[in-house]
Amino acid sequence: MPEMLALQDLSVNYGPVAALKGIDLSLQEGEAVALLGANGAGKSTTLRTVSGIVRPRQGSVRYRGKDIGRLDPGVIVGLGVAHCPEGRRVFAGMTVLENLKLGASRRGDEAGVRQDIGRMEELFPVLGERRQQRAGTLSGGEQQMLAIARALMSSPRLLLLDEPSLGLAPLLVETIFETLAELKRAGVTLLLVEQNARVALELVDRALVLRTGNVVASGSSAELKRDPQVVEAYLGGGR
Amino acid sequence: MRPGRLVLFAAGMVAVGLAAPHIGEYPMRVLLVMGIEIIMVVSMALSNGFTGVFSLGHVGFIGLGAYAAAILTLPVTAKHAYLRDLPGFLSHVSLGFLPATLVAGALCVLVAFLVGLPLMRLSGHYVTVATLGLLVIVNVVLVNADAFTRGSRTFTGVLPYTTIWWVLGWLAVTWLVSSRIAYSPFGRAMRVSREDLVAAEAVGIDILPTRLTAFVVSAFFSGVAGALYAHYLTSFSPHAFYFPLMIQLLVMLVVGGMSSLTGASVGVVVVTILSEVLRNLERGFHLGALHVPPLYGASQVTLGVIFILIMVFRPQGLLGDFELVLVPRSRRSRLAGTTPEETEVQA
Amino acid sequence: MNVFDYVSQQLVNAVSLGSLYALIAVGLSLVFGILNLINFAHGDMMMVGAFAALLLQSAGVPFPVALLGGIVFGGLAGFVMERTAFRPVRGAPDVTMLLTSLGVTYILENLGILLFSASPRNFPLPAWLGHVYKLAGGRITFTNINVLTLVFSVVAFLFLYWFVTRTAVGLGMRATAEDLIAARLVGVRVNLVIVVAFVLASAFAGLAGMLWAAQVGVAYPLMGFTPMLKSFVAAIIGGFGTIEGALLGGYVLGALEIAIVAFLPPSVSPYRDAIVFGLLIVLLLFRPGGITNVRREVKL
């Protein structure tokens, strides 16, 4: 069975700047993997390349065996990959309900969509309460929930999450990550980018550490939690 | 100034000036208009191409310059005849061509300064749209200031002062001044602020004075061109300095390359020749057994199509950033670090 | 005529004019909101609509159908324009796109002059449109043309509202205007959204063209030019890039123009357009977001 996601020797440039310098990554179905590292390490770039916003300069991106490196982001969504972007990027001028509907842009089954909206509101009750509210009026945590829900509306098999804990209070971060754990249990494959390494390693099976476009460490979360260098750099004090 | 190249240029222009009266009345008029339009388009290139501020308002300065100069040179008798409501001193004064042109240019400088001060602060779309507003306002004022301009009626009786020598002379001045500015350290600042606003500010280049200066200088030459144009046409109305002229100049600017003074000049020549050719074809022609009937107006449509094609396939114009430079090599090597596209032509 | 009647009459005029500005402005805002493009060729869609209706009627088509025809041809022209001129330059710097739109208007206007000659043509109207209503003992008057203008504008905006809140493409349009990247990430069909935006914008402009021609009685190839510029100011007044902004700005400008002519001394009236554009410059300097204070962030 082909891997859920396979990145091979992936290089990505922003103009003259090399953001990714030939990284390899593979995900099996049902796994949860984290990409760790400092700002500018290339974590977000990796996700953007998978979801099709950015084109690879070299190397391949395979989703369930299919090369998606040159596909339109909308097509990639239709194939089952959803990207919950950095900074949430909910449509602030539109209602919660409209945001959710937009998440289902590539789906044709109206009844299924309505059902899923109901499911999202069960998963995140606060969204149900604020159905008709403009997304811009939601708090940071609520917006994050909306962003995740919106991504889930496309019924993805692979969910890409970019910094879901950014700017959120610790209690909210816990709530969000509990939800992510539920999703993992439900069989959704997760690729998570996080600066908060501690909370990420609690959730995922494996992680890779990126630095300036290269993979500098990888292993199971247990291994990485013990690795002194990783602990020093990403799990140490001063958070 | 590097003597060799400069002399070559001067000689070339003198040759053109001497040859002009002998090439026929119509070709000479075409040449004359071309020269004036080069001044107009080079001014636009100076402002638009080098600072990243895309101004659609230069035709307003052309119009101001035209009317100002024409009013000043009009013989007193003519003024009494049909510009009876001119205020005080204007109706008793009649200037020579050069002083009138200079005053016209100065007026444009003043207006450009006053208007530019607030406008150059804007960015992107906003400044473009604001300059468009400026063009409309100038037009409305010209149409309504009856006492000065005869409103929308034809302003006639302007003395035909414009000769090929005046055009060549002002053309030389425009080229020299513009290229001095564009290739001075100041000009380099302009180019940088065009390329990357944030980077420019980061290295301490003050955007506002840079842009304002380019705007004001280009307004001066637009005004001069207007004066030349007025004394070539000898009769005109405000509509001559409105959108049709603006679009025509834009087409020329874009075809040649709006980031290059040489490009601007080349653009004028290419478009003029093309227009003439197309206009001849408008009268209908035979292509073998095919007879194409007269299609008046088709030349403009064709030009428009060419314009779009350039936007799609070569938005940097025919010449891109290429420049035929009058500044000497020694000075240019001191400008080490200028954009790599600048290529020096070996004379 | 007492003050109340005078003001009421001016109100009627303002609504009529404002409706037209709103119809034209909304198209400009739709396209700008999504593409960051100021489409100078938008005004020429008025010409398309008006001339389509004119020619159809000359061919014997009854007015209501000709009206529909104008809307359809307007939309069609928008589609062609997007495909041939704007799609190829998508992604280019804003200046390039602006220049392209100038090129398109140059072509369209000269094509119009080539085909129809620059001189104004009578815009045929069925007699019942000329019917005059008199209120307040004849001191306030308006015609069926004014009624038609208002009715069609209301219908058009209701349709638009329905479209952007109840259809997938409409939702996608609003999403794209807000955040292009996020819209792509959720799978919005951006290409389709853009085409539809152009078609809608141009259809509205075509409608406005016919109503304008009906109001002034004539149509000519350059007819859309000044209205487009004015509607652009209207859109900025209301807040450029949003439908509400265009709607609001259209009526505000209509009222403003009527007010300038009706309530200021006659010597000022000819400078009406200069005042309007002066206002534009002031707005751009101090409140570029317009009344609704639209803020456009460039999200990378």
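As written, the chains take the letters A, B and C, and residue 1 is the first residue of each chain.
Note that in this section contacts are C-beta pairs under 8 Å (C-beta built on N, C-alpha and C of every residue); 3 or more make two chains touch, one makes a residue touch a chain.
Quantities reported herein were computed from a predicted structural model and do not represent experimental measurements.
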Identify the chain whose mean C-alpha position lies nearest to the mean of all protein C-alpha atoms shown. C
Most remote chain relative to chain A, going by C-alpha centroids? B
At what distance in angstrom does the C-alpha mean of chain C lie from that of chain A? 42
Quick one: chain B and chain C, Cα centre-to-centre, how many Å? 32
Suppose each chain is reduced to the average of its Cα coordinates; what separation in Å results between chain A and chain B? 54
Which of the residues in chain A end up touching chain C in this complex? 51-53, 72-74, 77-78, 82-83, 85, 89-94, 98, 101-103, 105-106, 150-151, 154
Please name which positions on chain C make contact with chain B in the complex. 36, 38, 85, 88-89, 92, 94-96, 98-100, 102-107, 110-111, 113-114, 225, 229, 232-233, 236, 270-271, 273-274, 277-278, 280-281, 284-285, 288
Of all residues in chain C, those that touch chain A in their complex: 165, 168, 171-172, 174-175, 178-179, 181-190, 299
In the complex of these two chains, what residues of chain B are touching chain C? 54, 118-119, 121-122, 124-126, 128-130, 132-134, 136-137, 140-141, 143-144, 243, 247, 250-251, 254, 295-298, 300-301, 303-305, 307-308, 311-312, 315
